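The letters A, B, C and D name the chains in turn, as written, and every chain counts its residues from 1.
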């Protein structure tokens, strides 16, 4: 499906051409702390399952991975609770924006999928019920799969999000009103905002997601994280639901499972081949990184590495 | 990604086990002619890109492929008009049932994707404008890609659908009212109903879709149908939109691009490997073949051939 | 509630002041025949239950009363079928535009009220089932309550509406698909378009509606049309549903039961006092006569004749 | 419009007949404190503008007037801010249940009218910004128009509502997220819940609303509360919006402006004639008092005192 590829050459070439083009879109404005970021940051890191790495630009700068962290929360909940999680959250894409309350009302408090805000809150509620120390335990999990002790979240960003998170407060209380939240909305939201404030470099991000691309992934303690079937299913959800109401477009143009965040990051992966992280803070109208989408479209075209 | 596989053995095994289980669901009732079908028909055909075939049950009986034909209409329009088609129809999955008018109203007459009824009508409108003899030309196209002169549509079923197609008449006139239809709604609907009434056996269906699975596909006249990129994109749309509001579920459980029809057929394909057609008329609550879904879930699990 | 009033003086004064102000809005464009009307036509006629008449401007010119006729269709169905009509149509205002299909989908084919298009179609379907000669019988009814043999409909306008009525065709077939239509959608629509093409002068319109304002109304044959309770209930529906999604605004500013039409006419009435018809073709953004709304707001303020 | 009426006789007669019929419906369950009420309480009080009073049953027992208080909050805001209030809240009825977030999303945070929860919160936000001591000042206003120092709110009920008010917290934060709330959602909600916990007897309730029925109403200090036009407009809003998605039904069957509360109270008024309060805790499926609706329908039929 894929040509023997000189990844570095292709990355460099696309990186340069996009650098030379106009950098459109808007840095996310609604979280004050995120709005301060340099809009011209642009980094790429590709990590193969054979432990090769290829990079360009600001690949080694930390950024807020935001919603990309939802996949990590989901993975931990899936690991702990197995298929029981699907009783409280669906696996269907949604035709509406990421924080739509309309669909929740229609669906009686069951979020469509775990990658929209409401779904991630329900996942956080599960974790909050089943982890002894929710935040430290979650961070430990991420360090374990990333094989990296330096991963942390930003209190400043979490605090900034909380200060303006009225829509998310609405969403969480709405779900609670339907009975699909076990814990206090305030505590769940607190955990949710902290989780979304994870910071990583492109390299760390690509390496952290290897457990979903590599069937043979083991932690440093030689443990599997998810069964192969579970990992495939999370990839399937990223494919259909990873980009809000641009999920179809991403699938259509890029052809890889992936997840975006409003910090401008995108993680995509080719099962059995690689994980790739792209970061550029300006977002298109659907809330996904303008340059990130562009880069990945050209990348899978050049490498002929769409999964389709 | 895939184990060296004895497809026939696995097909036989799953076929037998499902045969032994209860056959739940309902044969589609709203089209009088379809409601007459024997609910216990059950056939499978798998065609590899290396020209091997594997089968079980009623694989050689003709059935109404219904909405599966929408992929064929889309392919022909994409071939003729290229990316211009995306000006009039989207590529996003929809959270709503297949004939929802709500989303059309929100989206001002631009159907979410070409595999829901409204989107297929817009595709039919394009074909109606650009083909000299819409129906014969469309049938010729299908015969060409299927390398099979015996494929035809059923006038009886088309007529039966027209006699009760109030919802589709509504949909088509609604799109016209937004200005997204060039031709007379009645003529477009006529073509649409005829297209949906295509009849194939499981074998014919699997073979007809090889052009989307095999990068090197050529017709008998040694012609490509679509560019590789176009074929991949149609697969991507099947992946996210092929099963109405159960598309996420299919992606999650089966992990292949595919398309279902209310006649009880499902076509799925593994790029670079195979096409598989399953047929069993009883539908689950979302309108997809009950046994077909079950078969394919077990099949990709056993063969470890999900694309994820 | 009402001061001893010199209606003529007040009408003249408001008429003059509005004539001197800018005539905003748009003549309805979507029906070709209606778009031809002189946008500066402006007429008023007030008819008291004591048989006095007061007028201004183009009160004696015929115009297309359009949706105002829905009240007449409703009255005839209510007279024939009594409260059975409420099994197939509601009495609740709708927050959506007049031809919204969204609400119909949510409400499973039961239109919210008889004064939106869908509701009027269901009423037409009832009349079509119960009248021997639907159109002539309906016209006879209107002539009888208007005590006026010269009332007729315009074939040219009906034909013009049919030629572009895709949204209404969609609506009617959609209702049929839910099973809430007994007859063929095409025949019901035909009757519906003819009904909406009734033409009257302001005087004729005001006089035709006296049967809803005057508890003691009798036809020339000395017959009641509706019971007092029935007439009050139709007035209540006009109050809450007569102006599409501007019904609250009209109730708030004018304070009378009434009904508008896209031809620019408005009929309002004060129970036990008068009927007033205003006509001015330019419509505001909600589809109601710009000058008509303005006139009536000032009129009930000056005369202190809101029913509240 | 109205027969010289023996109100007491009619009240007694209807009261007895309804007492003899089954008491259907459900006491509101979602507020723990309200759920404790005796479901068979049933009281009526009619107060004419000529200072006559007529009563039946438990007319002198205090009950929680709940949403009926929204009309009082609205009146105070209208008095203070005049027509500026309509920049932040509409006057249109809504086709959806009282706490629907869907419509708010469509309308970008502008609630449809001030009598649904969201609209009342925006009114509370205005009062919170403009009153020195929001709760005491509001209570003073109510005492002044009710000419009654004994009116108060129940802290126990307010507290009970706050403990389970997730849907309202969601609603309020949602409005804040659209920028249509000046103050902190928590403070606004606190005031809102206190306001809704006003307690009155049927007599107090009927007397408190006289200022909307009587054009010549003056407080003990001989002050008008609202201009006549303002009072009429509030009545108009009650007519179209006072009973959630049963507003049309109430208008249709009862024909008076009114407002219901989930405590089982209904206040209705006939301009220039009377105010009537009915209380019976069991609610129908739309959340309005089952016996209250029944009583008022029969009452306006017998007295022929619909405003239509």
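As a convention for this text, a contact is a pair of C-beta atoms (placed from the backbone, for glycine too) under 8 Å apart; a residue touches a chain by one contact, two chains touch by 3 or more.
Since the model is a prediction, treat every value here as computed from it, not as a measurement.
Enquirer: Which chains contact both chain A and chain B?
Expert: Both chain A and chain B are touched by no common chain, going by the contact rule given at the top.
Enquirer: I'd like the Å distance between the centres of chain A and chain D, where a centre is the mean of that chain's Cα atoms.
Expert: 47
Enquirer: Between chain B and chain D, what is the gap in Å from one C-alpha centre to the other?
Expert: 55
Enquirer: For chain A, which residues are shared contacts with two or more other chains?
Expert: There are none in chain A.
Enquirer: Mind giving me all the chain pairs that touch?
Expert: Between chains, contact exists in these pairs: A-B, A-D, B-C, C-D.
Enquirer: Would you tell me which residues of chain D are touching chain A in their complex?
Expert: For chain D paired with chain A, touching residues are 100-102, 105, 166-167, 169-174, 176-177, 185.
Enquirer: Which stretch or stretches of chain B touch chain A in the complex?
Expert: So the residues of chain B touching chain A come out as 1, 90-96, 103, 112-113, 228-229, 231-233, 235-237, 239-241, 245-249, 251-253, 255, 257, 271-272, 301, 304, 306-308.
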